[in-house]
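These are the structures in question, set out in turn.
In the two complexes below, chain A is the common chain; its partner is chain B in one and chain C in the other.
Let's look at the complex of A and B:
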């Protein structure tokens, strides 16, 4: 009998009635270590387009000119952004921020770096050289290659050498994937290699 | 407003019936919806109940970039829901196709070209809190004073 009474007394309390009829837990907030949609920190954007290059989601980030002359800023498109935070980590000017990414990177001394890796399938490649002629970096390095289709320069990214399409300078690739689009047999692939690195203690 | 109407509004506020449809997702958003049901987020404390039958539902949750097989069927599911009804799309896929919107992939996003969508929750995947918030914010707009507005 006493226990039943204590139950009734317990349930008659206003806070019990409130929690019973209304939501029991408070509106849950996002923990600060979660990566939110990137937001601008107000630092100056140098429009190096690193964030656009690294973004894995199509159309999620755009670096656009603002109304002010000479000022650029990245714009995040919701509905495309997957909140991976790679644009935040790669940006050399710390223009973007999401959660605790910068704080954590400074604490651990980590940073991101990416380069492009070109693979040519020797079986399907017929050595037509469409990719080497189309490549915008090749055109800059050796205008002769773009004009005539033949070159003797070894400074280009890739060139048909002795009948075989050869990659000379992978490090110069900007990852525009023009060569992939131009290839009639789809035998060239540009892959992005992303490296998380740590600042060593000696340097 | 009559007493009956205000009573209906009060009851409906605590009784939102949700049906979800997966139109070709990667399962990431499905897991987040499942997390809404878990004790941590506990969907039912807000008066949101999940059904698998569109005829019992008020709110349709759409997950996934629409695949070709769903092009006509999404409309069929939507038509089965009794009035008043509302559709909420979860995740990036129904908005843009997200990572699937590339050449040579079979997605027919956005979902709003097939049925009217009241709210879109961006994110890949969106967090359970964001999903619950979207449902709670969109439901009163549709269900409150439904009889008077009709």
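Let's look at the complex of A and C:
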């Protein structure tokens, strides 16, 4: 009984009550460009899949179709995400955001540029033209190519020209890697090239 | 009379003092240690094998995961190697900011090394105070780069974010706190009879021995060797950097050298903030094909990357040489034999700041 009383007396001290109820901690301030997990900003996703292609962690981001027809959105799997923020920086439509990365990038004028390089190994390529026919961009540019397998157009990405698979317009490539999957001898390689750049102040 | 081995005592692989698994076999005569042997290989990650065949955008993030404590320098040296391969130049402001991030990382690595040494000689209190300083440094690293451990701050041709004046002022103010506190605990370690003086004359390695086994980093500089890769780096040369050297070669010298290097880093950071040039933080440039070797100074010593890449910047061959393997070997061969008690074995081992995560990458 005496011990309980002493406890109550101890806890009723004004200093204790003050520290318990009126405790103040320093306000937490988030760093200016703290990279949290990416979240959606609500802008329309054009499913260019650049975020999926740039992501260094396998399976961290996935662009899926939603219930509405023609609408896509990126989904971030939190267990795999390493919060590097590359998907946020690369997205051309500003669909994703993490912390104040966009604000900071707009302030600094920094951005990432995306390109694709197609190389064909001339030793192993047998000129079958599977890649040319399978390429979805080729199909759009020249429907005849997809239907018959032969074409004379030079506007396509690549074509079998005089028995040799030739790349004409590398800049039209979207990096979907369908050609890589179709190649029976694995002699075509699509590599992404990323350039970090800053807008110069003069221009 | 020739001393014969009494008992062979294994320390580890699981031991309360060791941060990471490693086994030390000591051959003892009474309490005196005659010889020691270090056995590694408990946590091989195979990270170099994972890197092969991947584009540099992925390898960049893998490289900073080689070691958690010195992640910035791995990022730094990997990106510098790739830039050297393809001839990418870096703007002045970005070069200075890289060094700023690297020095912050070096400070926190040295603080955790000295913490674990104090913990080993059974003085947890001073260790905890050192970790308090480390928290301040880590906060500043977060303010600069956006993350605490795996920062991914350095990209080819520059850095990711530009700190504004408010951030720089905050780092400058924090450096005052860090310097004051570090000087306080350094003087405690220097003069405290139960703290620092316990480690004088224990685990002595002479300069000749260190040269023979190619010890690197603070372990070598505490024996009088003046090697420091930072003095070859162009940005450090512009900051008038010169390496610090002590000559005693014992546990005390190694710990005190780390304290001095923290203060040196504080000075470097102040110089960087005072003389930070204006301008761009990202240049352009594409990573291409080539093969080269590049060196940098990690908190523990010399770090070497040898990379061969193809046209698209995919890594074809990579070999990372990290500093700790030489220091661990030096520790087993020269520091541990001759210590007067088994309790000093762990102290001598921890004073060389071993990092098994780097060694068995």
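Quick note on the criterion: the second predicted complex is superposed on the first by the 135 of 203 C-alpha atoms of A that agree within 3 Å, B and C clash if a C-alpha of one lies under 4 Å from a C-alpha of the other, contacts with A are read in each partner's own complex, and residues count from 1 in each chain.
To be clear about the criterion, a contact is a pair of C-beta atoms (placed from the backbone, for glycine too) under 8 Å apart; a residue touches a chain by one contact, two chains touch by 3 or more.
Here the structure is a predicted model, which is why all the values come from computation and not from measurement.
Asker: Given the touch rule stated above, what does A:3 touch, chain B (first), chain C (second), both, or neither?
Answerer: neither
Asker: Go through the superposed model and pick first if A:28 touches only chain B, second if only chain C, both, or neither.
Answerer: A:28 contacts chain B only, not chain C.
Asker: Who touches more of chain A, chain B or chain C?
Answerer: C
Asker: Taking the superposition as given, does A:81 touch the first partner, chain B, the second, chain C, both, or neither?
Answerer: In the superposed model, A:81 contacts chain B only, not chain C.
Asker: For A:104, decide between first (touching chain B), second (touching chain C), both and neither.
Answerer: In the superposed model, A:104 contacts chain C only, not chain B.
Asker: After superposition on the shared chain, which partner residues are touched by A:56: those of chain B (first), chain C (second), both, or neither?
Answerer: Touch partners of A:56: chain B and chain C.
Asker: Pick out the shared contact residues on chain A: the ones touching chain B in one complex and chain C in the other.
Answerer: Residues 34, 56-57, 82-83 of chain A touch both chain B and chain C.
Asker: Name, in rising order, each residue of chain A that touches chain B in their complex.
Answerer: Per the touch definition, chain A meets chain B at residues 23-25, 27-30, 34, 37, 56-59, 77-83.
Asker: Please output the residues of chain A touching chain C within their complex, sorted ascending.
Answerer: 31-35, 54, 56-57, 82-86, 99, 101, 104, 107-108, 110, 117, 119, 189, 191-198, 200-201
Asker: Which residues of chain B touch chain A once you look at their complex with the stated criterion?
Answerer: It comes out as residues 40-42, 45-46, 92, 95-96, 98-99, 101-102, 120, 122-124, 127-129, 133.
Asker: Flag every residue of chain C that touches chain A in the complex, lowest number first.
Answerer: Chain C reaches chain A through residues 55, 57-58, 60-62, 142-143, 146-147, 150, 152, 155-158, 160-162, 164, 167, 280-287, 311-314.
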